[in-house]
Amino acid sequence: MTEFAPFHPGGPGIIHRYAGCDASKVYSEIHAPSIVKDNLPANNFKGKLTSSTINDEWLKPPPTAPQAATPRDDSQPDLDTIINAHDFELAAQKTSTAKTWAFYSSAANDLITRDANKSLYSRIWFRPRILRNVRTVSTSSTILGLPTTLPIFISPAAMAKLIHPDGEIAIARAAQSQGIIQCISTNASYPATEIVTSIASSSNNSLPLHPFFFQLYVDKQRGRSATLLQKLHQHPNIRAIFVTADAAAAGKREADERLKADESLASPITGVAPRNDKKGGGYGRIMGSFIDPSLNWDDIAWLRAQTHLPLVLKGVMNASDVRLACEHGLEGVMLSNHGGRNLDTSPPAVLTLLECHKRCPDVFRKLEIYIDGGIRRGADVLKCIALGATAVGLGRPVLFATAYGQLGVEHLIEIMRDELEVAMRNCGVTSLREAGPWLVNTGDLDHLVPGEEGHPYVKDWSRREGKREREGSVKSKL
Amino acid sequence: MTEFAPFHPGGPGIIHRYAGCDASKVYSEIHAPSIVKDNLPANNFKGKLTSSTINDEWLKPPPTAPQAATPRDDSQPDLDTIINAHDFELAAQKTSTAKTWAFYSSAANDLITRDANKSLYSRIWFRPRILRNVRTVSTSSTILGLPTTLPIFISPAAMAKLIHPDGEIAIARAAQSQGIIQCISTNASYPATEIVTSIASSSNNSLPLHPFFFQLYVDKQRGRSATLLQKLHQHPNIRAIFVTADAAAAGKREADERLKADESLASPITGVAPRNDKKGGGYGRIMGSFIDPSLNWDDIAWLRAQTHLPLVLKGVMNASDVRLACEHGLEGVMLSNHGGRNLDTSPPAVLTLLECHKRCPDVFRKLEIYIDGGIRRGADVLKCIALGATAVGLGRPVLFATAYGQLGVEHLIEIMRDELEVAMRNCGVTSLREAGPWLVNTGDLDHLVPGEEGHPYVKDWSRREGKREREGSVKSKL
Amino acid sequence: MTEFAPFHPGGPGIIHRYAGCDASKVYSEIHAPSIVKDNLPANNFKGKLTSSTINDEWLKPPPTAPQAATPRDDSQPDLDTIINAHDFELAAQKTSTAKTWAFYSSAANDLITRDANKSLYSRIWFRPRILRNVRTVSTSSTILGLPTTLPIFISPAAMAKLIHPDGEIAIARAAQSQGIIQCISTNASYPATEIVTSIASSSNNSLPLHPFFFQLYVDKQRGRSATLLQKLHQHPNIRAIFVTADAAAAGKREADERLKADESLASPITGVAPRNDKKGGGYGRIMGSFIDPSLNWDDIAWLRAQTHLPLVLKGVMNASDVRLACEHGLEGVMLSNHGGRNLDTSPPAVLTLLECHKRCPDVFRKLEIYIDGGIRRGADVLKCIALGATAVGLGRPVLFATAYGQLGVEHLIEIMRDELEVAMRNCGVTSLREAGPWLVNTGDLDHLVPGEEGHPYVKDWSRREGKREREGSVKSKL
Amino acid sequence: MTEFAPFHPGGPGIIHRYAGCDASKVYSEIHAPSIVKDNLPANNFKGKLTSSTINDEWLKPPPTAPQAATPRDDSQPDLDTIINAHDFELAAQKTSTAKTWAFYSSAANDLITRDANKSLYSRIWFRPRILRNVRTVSTSSTILGLPTTLPIFISPAAMAKLIHPDGEIAIARAAQSQGIIQCISTNASYPATEIVTSIASSSNNSLPLHPFFFQLYVDKQRGRSATLLQKLHQHPNIRAIFVTADAAAAGKREADERLKADESLASPITGVAPRNDKKGGGYGRIMGSFIDPSLNWDDIAWLRAQTHLPLVLKGVMNASDVRLACEHGLEGVMLSNHGGRNLDTSPPAVLTLLECHKRCPDVFRKLEIYIDGGIRRGADVLKCIALGATAVGLGRPVLFATAYGQLGVEHLIEIMRDELEVAMRNCGVTSLREAGPWLVNTGDLDHLVPGEEGHPYVKDWSRREGKREREGSVKSKL
């Protein structure tokens, strides 16, 4: 370990802290078992432990866990008192560590986008129809041709293990049992392959494998991304790649920055570990340092060459880019502002969805459109579907539900299913195909939906030319 | 009782709890006397009680009442300090049980519709006229040809006995003495026939009977609804049937779900009793389980065949459905979102009223339009009348006033009458016929009123076709 | 007094309470000295008091003052710490009796109009111009041809004596010293003639008399109004009559109703005294009982016959009525909603002012337009002037300033003057004539300004006809 | 000193207070050393102090400092916990004296403009573009031909010494080290020449001098302004004059007025000292008494004659004045409302910027447009640049950061730089030239942007003529 310590993705400190102790327990709390298997160079493998060699000194208790890992309040409400997504959030706020809460709940700067993501749904009225036979109602749909029991998938979100030891594996199992698709984050706490395998092993082998999506941050070292994709291709139930395009720079998530990062964490997929620096301890910023800000439209061809899987562009915030995505042959776009975490006052995705209708309605025929951010109710889902989304992603609510492990996530999905069914029935709709724009009244938002490519009354934009003229004239004075 | 217990609509528990005791008192607290008379099979009638047979054991006190029945605060304000509908609500919040308050005040999900129902009236300005002789002013009108002293009727609302032992009977007596019409709920705490009779018996027999309306939830077992209508026809003062159409699925009224339901309650009309289940203890959801979600426009003909009474469709939220109601020959529609209790973000009824003007102004000539939800002031009533409503319904305010029994409801109606008269005088209007759309300025709401049938700028809605194209293309990749 | 007691406008109770005591002090606290002089029938005048006849019994202290007269807090801030109109309001709230505060501050129902009166000014932006020589700036103007140092007059407001023994006399002296005009209320605590004389006597007799306006509520007994006008005509400095037209019915001012009225008060002009009744103790409602709700446009001719003075119609809330006022030859209109005290959700006057521009801009050439309600800042005044008002009225702020007597009202007027001058200078305007609509940006209110006579999209308003049709069809069913 | 005391700009009181004491310390706390050097007449220079002459009496402690100078809370947060401009404001609020906080944070009247300055930026959404190579991003630009590392300069703000002894000198050093330009206020705590020199001396003499701007209030005694400009011309790194045009009258900054001014302060540039008067103790009002309210467009020619430097007009609030500025040949305009400190409800500068686009887009080619007020985030900066501003000014945030001296201001600028870069990357923009109006969605503000020169629906504005007609008609009645 002496040799390895300086190269430990989580920094040497944590290695030295456990020198001479049994680090198995603390290791397992943080890392998936597969990390050491996949990453430990052969020459550092010192052999299997003979338990008879364990003496008292060796067994002394490990140092106390870092403060950030102490739950602030252990009075987790009973799962059966949780009746909506807000309840999960409140429970998580009470019982997760301060740092986990900050990391999950924080967003860029003044939280305007994060909060608008939610509040805009409250400003869309339904236009329900009555006296339609709604005895049976179906919420099933397909995403990229894959069946799903709900028009909902699990948005990729980082480091689910912070809130529950089972992390993304709990989510995966819940997704499978509920018949919806999980999109695994590049920054998951478990290796994607382990998440995928954990499901496969528990399902009937004769059935088709339950599908997953994988969210990809393209690495500055492109080779690493290529290698990662190769690895993923070995798992046939990974069925699409969601390439994140809205993370050119990590936003300043201030609540997260203000609390010290636990440097002993490391991303099992990218190997990056957080380090506190003078800007603070924000996980999102530090662990995204490998993301390539030079990614651009020309790279779509490169991505195509690396994978045969359908490609979805995640983080689209402008109808012009939806149109470009069509032109580049992408299978889908995900309208998203990264939960408001990167660019404050970036537009809530539902505005971008409406912008597509206004500016380029043909795109709905050319690719699938997903949407996430701020969805907390089945009614929100129905509004997105009515406005042409194929499916919606759930991010933070799933993380908060993960505090209860697999059961919690299943409970959340059941709640969303129930709410969606109630909303459909009360709107007079029995299948998602029946939901159309006629179902929603967006009158309170319509003035916020941008129309033309440019600015509504900035017709004559030649400031820069003017500026050059002016510079000449000023210089002649100086 | 041993045989009966499993079939007790309120569940067997309550029967067993009182086994061997005198259950008369607790029975009377919850049930109307007529229930046992009407429902007890002859073979279960064991004879009349000889009081000399009562011994000490028999007289032991009944078990303590369930916690939900304990008033939280017994400091009910004097009725003469109550000067508006809000005061009644505050008094009820203080003095009713937590469960009763939750059941009456709760609404679906995030309460957006419930609260907007009220707040939208505050955003409509009057355009008053002055210097018109308003010495005498008349608030009288007719509803379906029946005279009323006010353009107000009592909206059907469930289980008024929760707040006062006289329940709907107190309301009926107040309605009669004030000259307005009560619409009895299918979920009333007293049988409709008993409510109707309680009035008839106390009024001068030579006078025409004071009219009532009856609100009907159509039962999944249609025969039960037919039978119920037959029973109601025996009471000639029931003059119209309001068929509820906005309850295809019970909304999640969260405050109500969070508190345990009292399983000893049962609806005397439907016989349904609440049971706590894993979703919670919401009365509305559980007691509405018999409602038929397959009810549709074709059933109007069936309803016509069951009753000779005028039919009003309750719960219309879209002008398209008002138009359909005209085409199906209904006598009236009630624009309502069920007090925001079923579908959150369903539109406040005043928006639907304005939508009718925008999209199908001819409907005002073809049927009567009623409106409810959020009306708390005489001025709100005048606004609805000015916009073409024939009358408005009062729901929660009446329930809250029932805490004071008949006197309370009379006081509420007097307050509304006084407020309406003051508003009419100060608007320069002496009769409801004079009030027209010119009287109100809806400039702050006009952008919320949907126009065309579809969505304002979603012109080309062919997502589903597009989707099929896409599915083909995606599959070819997989 | 035994004979007189039953006819005492303030009720017999107060007479009996002081039987056998020296009532001089308590009388003077409430009544102006002139009342007894003007109203006491000759046969009830029992002669002058010989002070030697006063014995101990006679001198016993009067009963304790009613609770409502006890100041809640005597820590009145120093006048020189008061720097704006809000400060005066806060000081009055702290130091006046609960009942006085309730009477002055209250407004109809939910206070929507009262509060919007103020808040709408905050939503009008200036469009200031710079680099105009604003060294000297003049705020002087004329109202009905009478010079005023400010485009501000004192709105008629009732019972100023409740907050200071000098009441309206303090206001009158301040108005004179500041060179602005007071409009005396019919419900003033002092007789109008006494207010007017108090000034005349203190000014140099050779100067023209300082002008006043008089606000008239037309009495149900028209003869009383005619007599009152005759009396006023004896005072040549009363220069115009403001006829109130927005008080057909007194609004429910709930804070005022909730507190017991002091029945020993009486209006010296109308003789009406408050009595607590089952609706509560609202001064405004009870003391307005003499107002004629049958007043109508035909009465303008009658009024013209009673007075040679210019007539201004107070309480206009609809541009249609401004147009009618022109047609009836009135000299002015006062756009006002009675401080939001009569009809809640009646429109803030600035909306009516804008409505005049939209619908009948010619009226600005035909009569003078005044405006009141919610004006608290010199900037508010400038906005009204820019939009075509000749002058604005200040109501509640003057009452609150009266807590400090004449000095307080003078201080308030100086503050308004200073604020107006600062606003003019910073807008680039040196005289009121220069202020025009170009100076204000009402973009945030424009959607609230009604246009056409009717409703913007209710084009075809024939509900009543339709209703008759329907009634026939319904009756055939019954 | 006896002779000098009556002429002491700070009033004689402070001189007498220190008579016979060592006033060096208190002098230095308030005045820059250069003041006495520059202003003390030769005959009042009594020679150098021989320290041996100092006796005990002479050394007695000076009177206690005035209460306003006592910090309310000395728990200044560590600079490295400050991560945004809001943090600096909170820290300053906690640690500066009550009077300093009041002076810096206060604004005119009801603070509507001050707060809207900030909140309007939150209502502008970005329209980000993705998949553009944003690996390298440049925030550099030029202002009047001068290079700057950021499109940000330091807005002139008065009396920075109140919060830190280094005052404007700390700011200047930070501006230099960060490569941005400081605009020195006429009311700076240090003489402009001293501020400028403090930088020059610390920079490498062979480099070009770091540039400054100077903000000029034109003095009522024009000669003083001319002299001041002559003095400034001796410093070649003063490169432009910003003439303030929005301070014709000092606004009532109420928080500032309510606290006593420290009369021992004096402006080293103008020599004016505050004095408490009956309006209160507002620094801004009192220290601006020398400003000439007669300044007008004709004076531009006079200013040109006094200086060869580029002239920028500061405080423009109407597009009409931007157009006039073009016609008068100014090099730039600064859209500003003086931080909301002079005219409440004056328009936030971003509305004026939009107004320019709507009404006179050609001005962007003719001069440079700067903007300030309410900018707190790098994203706000980017929005202004996208809408055509050349640069933005930071005012209050810099004052608050000065509490930490030079390091604090540098930290603030680094934060803004980082935020701007993040915003640019996440918008898909790599240089400021690429940012255009297409980048922002102002749909939530567009209704607030005035269009035509006049008022949108006040077409026929001839009130004054009308008024004259009316006056005739009224007079004939009187």
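A few points about this structure:
Lettered A, B, C and D in written order, each chain numbered from 1.
We adopt the following convention: a residue touches a chain if its C-beta (ideal position, glycine included) is under 8 Å from a C-beta of that chain, and two chains touch if they have at least 3 such contacts.
Note that the structure is a prediction, hence the values are computed from the model and not measured.
Common neighbours of subunit A and subunit B under the contact rule above are absent. With rounding to the nearest 5, the Cα superposition of subunit B on subunit C corresponds to a rotation angle of 90 degrees. Comparing the residue numbers each copy contributes, subunit A and subunit D share less than half of them at their mutual interface. Measuring from the averaged C-alpha position of subunit C to that of subunit D gives a distance of 44 Å. Averaged C-alpha coordinates give centres for subunit A and subunit C that are 62 Å from one another. Counting partner chains per residue, subunit B shows two or more touched chains at residues 447, 449. Subunit B meets subunit A in the complex at residues 109-110, 112, 245-246, 248-252, 254, 257-258, 278-280, 292-297, 299-300, 313, 315-318, 320-321, 324, 342-347, 351, 447-450, 453-467, 469-471, 473-475, 477-478.
Here subunit D touches subunit A in the complex through residues 80-81, 83-84, 121-122, 124-135, 142, 144-145, 239, 308-310, 331, 354, 357-358, 361-362, 364-368, 377, 379, 387-388, 390, 418-419, 421-423, 425-428, 433, 436-438, 440-444, 446-447, 449, going by the rule given at the top.
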